[in-house]
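Across the two complexes that follow, chain A remains constant while its partner is chain B and subsequently chain C.
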Partner chain A sequence: MTAKPPFIPPPHFTLHPTNLPLPPTTPPPKMKILTTNYLTCALRACKSHPSSFPLHFRDAELQQDSLPFNAAFIANILPRIDWPALLTTATELGFTGLPAEKPDLLATAEMEADEGVGRELHRILLETQVVEGKLVCGNCGHEYAIHQGIANFLLPGHLV
Partner chain B sequence: MLPTPTTSHLSFDHIYEPSEDSFLLLDTLTLQSPFLHTRFPPTSPPLVLELGSGSGVVTSFLTTHSATLFGHSSITTLSTDISPHAPNATNQTVAANITKESGCFLGAIRTDLATGLRSGVVDMLVFNPPYVPTEVVEDGNGEEGWIGVACGGGIDGMEVTVRVLKGLKEYLSERGVAYILLCERNKPEFVAEQLRNGEYGVKWIVKKVGTSGKKGGWEVLGIWRVMRW
Partner chain C sequence: MSRPEDTLPPDLFYNDRESQKYTTSSRIQTIQTSMAQRALSLLSLPHPSLILDVGCGSGLSGEALTASEHTWIGMDISASMLAIALDRETAGDLFLADIGQGVPFRPGTFDAAISISAIQWLCNADSSHVSATGRLARFFEGLYASLKRGGKAVLQFYPKNEVQRSMITGAAIRAGFGAGLLEDDPGTKNVKVYLVLTVGAGAEEGGAEDVTNVVRGLEGVDVIDERRKGRGGGRGGEDKKGSKGWILRKKEQGRNKGKVVKADSKYTGRKRRPAF
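The block that comes next holds the complex of A and B.
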């Protein structure tokens, strides 16, 4: 194949400093729970099947961090969340503080309240990461491994 | 211009090192920011997907500079790559460059293109594909390992990209926008015409929104924006 030409950075990029990185202790991020709102089974035949969404967590090992509360993010992201799917996922992972119906656009003041839905969403969507476990298709039973926070959706050759 | 994310924590034996093509993508996305502001307001924030994230320089750039590029930090970003080395590299690069004002990075997934993603959820797709013409598209077992997978695009350098173009109508939401890099040998004008006249299932609106000069032994590269309206 054609050899890659030597790397010559465009001038305006080399002129600029790179971002000041956070302290080097910042651990690599891992899969967030909201990701499952956008995932389904990799098998074509399952994709149109309602039971392939959401995928179900099995043996999930979670990491809980503490992050500053961001009311604007929660209010903005809420409309685009598939609530029933999030509810299923959250319940499977042991988060039981969400209402059955998607709350109306939350007022910031309401969210700032200590024990509101906003706080629970913050905990689930931003502060929780999935370190290890599996995502399982409710239709075909195929398991997708999550290892070190990275989900693997590559199918073995005979399934493609 | 916005600062380029640092990737100095990575070694580039198995991962594509950010290069002219990556930087053209960053430049172009910066210039697209007025467009991105109007298309993706905070009240309806986008899900951004990068295919083939490699080092993570592009995903990290979009996540970290969300406030400048989109006008708010409510974007969510997701990346995929087929290489076993890339997702971890992407995670590390996101971590090394993230700030309090960053968008929300959902994770790096190992998969073939967008396999495993639900239909119609992607609002913005970014792809710097393997675009160099080669005899075959490699699988990681070739002489050049995963670097061969990062560079070699098969016939016309288009074999991987064509699969993405065919998938666009499935990946993208109604307002979805794709930014795809093509080189001269990919026959970009011809590809754009095919996209426009419906050969990929939708009469896409296509515009070249970024181009590199011819320099340093690199052929001319272009960034093409594809959307329904």
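The block that comes next holds the complex of A and C.
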């Protein structure tokens, strides 16, 4: 019996850091749900089609993180959240705890004291993150791969 | 020293080796951090904000945003730079994307945007057969739309020459921005140029307020507005017909219209010797 020869990379093979498994202590990199509420298909022709937003998750691998609660930030971004789109995304990812209507803007101090919707938003928008998966445009069908939390939005030349 | 953007496209220039070298240089770390802090202070954001970092690289500029409790999203065309950002565990969400293809966020997403040492790369046409002017237009139109009304952007860049400077400011103004240029350490080899942009708050409602007033309010900013046709701030008056500045401007106008014009050289606009 002969031992398996060691793996010698061919000359064109580069050890790219993104291909390497991270040491177990490092938390995996990921993308916040908040970001997906602002993201659109990169194809210009899609921007005017309602079916292109929000992009839909496919095969999403999630991770729950723990981040300091920043009430002032939630208060600042809440008006810019597209609520129906957030409900769509949350449902796709299996979250059902959100109210059907966008909650009224709470004062920062109130939110800090309250255990309610501000913290729930913090949990879903900032602490829930996508590690791997795809985002798919409902209009053109283009798939944007997410690998190690980084979404690839480079368009091939013929689509630009 | 040759400029990197004259040698290779950015995704090839910033390969694994170069990205590592760039990010671990303590000199670069210091400069990038201080420029990002300068940009942030020019933005003077009242709340913890959502900020786009254009050409975020390995996250040196973004880390200054995190330090001030802002949340940021970064776009970069170099996978190697982004891989280092991952290793450094930067807090921002990262996108592998080409800003010359646009900015894929819905209208009004960001409170503000910064860009540190990146947008001069757009002045070089890449392999995509789209002209530099076309890529600049896509970028600034996308940036304009993605900022909320009243939003601001501060973009530090290294213009190679007067033509690039006006190519970039011109593209920003055409996209609808109120624009100003700020120079730190002018006239030295450490000069730093910041393009300060505002998305006019009052402009939509009938243009009662001149958007450039917003920029004018910022300390140390030279306002470029349409009356000066978007040429470099601070230079009083128009260039004399036939002068080098005038020729460069005409050529730029030609380029913007898609014309092919002769490359600029040190001889541009010089008096020719009489021929015998």
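Everything below uses one rule, namely that the second predicted complex is superposed on the first by the 122 of 160 C-alpha atoms of A that agree within 3 Å, B and C clash if a C-alpha of one lies under 4 Å from a C-alpha of the other, contacts with A are read in each partner's own complex, and residues count from 1 in each chain.
To be clear about the criterion, a residue touches a chain if its C-beta (ideal position, glycine included) is under 8 Å from a C-beta of that chain, and two chains touch if they have at least 3 such contacts.
Note that this is a predicted model, so its numbers are computed, not measured.
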Partner chain(s) touched by A:V136 [first = chain B, second = chain C, both, neither]: neither
First (chain B), second (chain C), both or neither touched by A:L62: neither
Which superposed partner A:I81 touches (first chain B, second chain C, both, neither): neither
Greater residue coverage of chain A in the superposed arrangement, chain B or chain C: B
Touched partner set for A:L93, first chain B, second chain C, both or neither: neither
Doubly contacted residues of chain A, that is, touched by chain B and again by chain C: 16-18, 26-27, 29, 31-32, 34-35, 38-42, 53, 70, 72-73, 76-77, 80, 126, 148-155
In the complex, chain B residues that touch chain A: 1-6, 8, 17, 19-20, 23-24, 26-27, 42-45, 47, 64, 72-74, 76, 78, 82, 87-88, 91-92, 94-100, 104-112, 115-119, 121, 132-135, 144, 147-148, 151-152, 212, 215-218
Chain C residues touching chain A - in the complex, by the definition given at the top: 16, 47-50, 69, 71, 73, 75, 77, 79-80, 82-84, 86-87, 89, 93-98, 101-102, 104-106, 108-109, 111, 128-130, 148
Residues of chain A touching chain B in the complex: 1-2, 4-10, 12-13, 16-19, 21-22, 24, 26-32, 34-35, 38-42, 47, 53, 68, 70, 72-73, 76-77, 79-80, 125-126, 144, 148-155
Complex interface listing, chain A residues touching chain C: 14, 16-18, 26-27, 29, 31-32, 34-35, 38-42, 44, 53, 70, 72-73, 75-77, 80, 82, 126, 148-155, 157, 160
